[in-house]
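Next come two complexes built around chain A: one with chain B, the other with chain C.
Up next is the complex of A and B:
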């Protein structure tokens, strides 16, 4: 098996997949803890559907690089979602649901009406479930993923204390002079960047798993913000790497294999937490 | 703050060094889309049940790869065909034919091309590689049943059709 693995690693696209997969898993886990604690888990799901809609438009327009359209559209929607969430007429969860299903439906409609692809079902399936898209990245897309990942990590490290304050007690943070709305906006933009990146790895329907499972698993064992984030990052990276390697060796779908490993990891952490006395509530 | 900045630079360096791995020298014979054929042959010798190793230097043996890898490699063939031209490709998949449809929706019985089709792991995406057999063969007598599993080998070439660059295997033959 090791020989087979070494042989597969001679393919550049396998190395690219592993690098990009690990970076995406790392970035999504960093934000996952904040999102879960702030009850924003579904914003990730909503934005992934927006990204799907944008990808459909990019496909219809025959753009050379889909990222050029998907990235700004998703970021704009993330900002709009946050603002709409503060509007009393349309509550936050309703706004997320509305944009989520709206973008999904319009994206599929556009692809059906205008796509010139001979394999529409394949294109849609690949976008929704990831399929092998992580293994078909061009060098340019890999560098774009690396650049965005570095940006996300830099923002998170530099604003760690502010994100911590806004995550746990937004009102107190605001009362002490922290611009909570501004940092919420930064979080939303960074989430949008991570979602666009993660679409390549697991597809737009499975992105939430990358955000939720590492955070929830770590919370079964660790209790402080810092330790949960570190454990979450390690958990996410290890699961993504194992998932990619298994899918390459066994010929299984990349996205769902990674999520299956995440589920297995969550169960193990839950059991470990229960054994250690911190029975999950 | 110092720790943060150090961590940030460490991550940057790690990312750059990992991406640099993609251009290892001596790995690929044709650009960076596929490993060198010599490595492929070494692996063929090690793989249980795989075809015997070939003496040729430019062989892309897809039969030794997992379905996920085959799909990704065929995708690369379609999008960067220049890296594969004149290489001998061996692949296993479903036999399919391409036929014209007339104005009444009736299929022309004479196929315009023959292909070996592979599916991805989710089985929703399929890609086919056209092949042209070496010699005179008549459809359907000299061809396998539609949808049956075939192993075919041939030389990878491109051609222009209505302004599109298409790929096919020439001098192809079936392998039992």
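Up next is the complex of A and C:
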């Protein structure tokens, strides 16, 4: 088995896949805790559909670089969804659902009407489930991913205490002179960046898993914000690494393999949490 | 000069007035209790004082060198907080955030301040415990310690005893009274509990779409509404 792995690691695309996969898993788990706690678990899914819609438009317009359109559109949607918070007429979950379904439908419609590709279903499927794209990364994309990850990690480290305060009690933070809206905006932009990035790895439909599973799993066991975040980052990276290795060895689709491992990890943490809770009582 | 002055305030949502004609001042060291029924605009008034909401008309000004970043606030609990994984220390420390500015981490003084306030609230032994596992009274103490980290002058409390049992309620009131009397912190509190308000507060503002009364507690008890309340309370005690 080791020989087989070594054999595969001779190919740069396998190494790229591992690096990019781990970085994305790490970034999304950092933000996942905040999102789950703010009741925005589904934003990953919603925004990824927006990104899918934008990708369809970019394909139809024959843009040379899809990213130029996808990134700004997704960032704007993330800001609109997160910034408004609890004071909107359409509540968070409904707004996410609306934008998500709308973008998905319009994106598919556009691709259907204008696509030049012979294998439309295949195209849509690989965009949504990310079946192969992580194995076809170019060197430039890997560097882009590294750059965005470094940015996300830096923002997170510098704003860690502000993110905590704004997530735990936005009104208190605002009232005592922290610029809650400004930090919400930054969080929204960072989330959009990570999601556009993550689309390359697991595809639109499976991004939610990368956001929620690490957070929910570590919340079963750990009880302070700091420890939950550290644990979910480790959880996410380990699951992503195992998932990618298994998918290389067994030839399974990368995204769904990672999510399957995440589910397994969640069940383990859930059981461990239940056992520990039982002992504590 | 007064620490807080409100002049002819009108408050409401989306153009609909909830309360109008509010004029009152709070001097340093006072203990003002805002009472009134549900929907009378108490919470809206507090949000306006905190600048979370703009008034429809009128003015609010702070004095005595009080800056916006020096108001401590004890909000009502939100749904998010009920299952939030956070340790007591993390929460109390987050009250110091307004001292940080753009500095990303807490300084040693801020950590010491958080420790001191946890000690004052009698929750130092709970520092590493998880917030969501504490009792209602302990949670309120944590939030009060956080508010103390944010202020040295003015505390705004939004129904600090909601959902607490009578014994814990009395402890909470005693704690707030101590902060007001011994530390000289100005307190503005929203309450349903007129009995406690007349007992602890130095001034009372009774609102119900219009300000019904503003003045000292002693005067309040002489007004028709104050008297009606005392009668009611007396009747209830006789019945017991």
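Rule of thumb we're sticking to: the second predicted complex is superposed on the first by the 269 of 281 C-alpha atoms of A that agree within 3 Å, B and C clash if a C-alpha of one lies under 4 Å from a C-alpha of the other, contacts with A are read in each partner's own complex, and residues count from 1 in each chain.
To be clear about the criterion, a contact is a pair of C-beta atoms (placed from the backbone, for glycine too) under 8 Å apart; a residue touches a chain by one contact, two chains touch by 3 or more.
Predicted model only: the values in this text are computed from it and were never measured.
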| item | value |
| --- | --- |
| Touching partner for A:16 - first (chain B), second (chain C), both, neither | first |
| Which of chain B and chain C A:39 touches, first, second, both or neither | second |
| Contacts of A:175 with chain B and chain C, given as first, second, both or neither | second |
| Superposed model, chain A: greater residue contact from chain B or chain C | B |
| Chain B versus chain C as contact partner of A:222, first or second or both or neither | second |
| Touching partner for A:183 - first (chain B), second (chain C), both, neither | neither |
| Partner chain in contact with A:158 - chain B first, chain C second, else both or neither | both |
| Chain B and chain C contact sites that coincide on chain A, given as residue numbers | 157-158, 160 |
| Chain A residues within the chain C interface of the complex | 37-39, 157-162, 164-165, 167-169, 171-178, 219, 222-226, 228 |
| Chain B residues touching chain A - in the complex, by the definition given at the top | 4, 7-8, 11-12, 15-16, 18-19, 21-23, 27-28, 32-36, 39, 43, 46-47, 65-69, 71-73, 75-76, 79, 120-122, 124-126 |
| Residue ranges of chain C touching chain A (in the complex, touch as defined) | 47, 50-52, 67-73, 75, 78-81, 84-87, 90-91, 93-95, 97-98, 100, 104-106, 128-130, 132-133, 146-147, 150-151, 156 |
| Of chain A, residues touching chain B in the complex | 3-4, 7-8, 10-16, 19, 23, 119, 121-123, 125-126, 129, 131-132, 135-136, 138-139, 142-143, 146, 149-150, 153-154, 157-158, 160, 247-254, 256 |
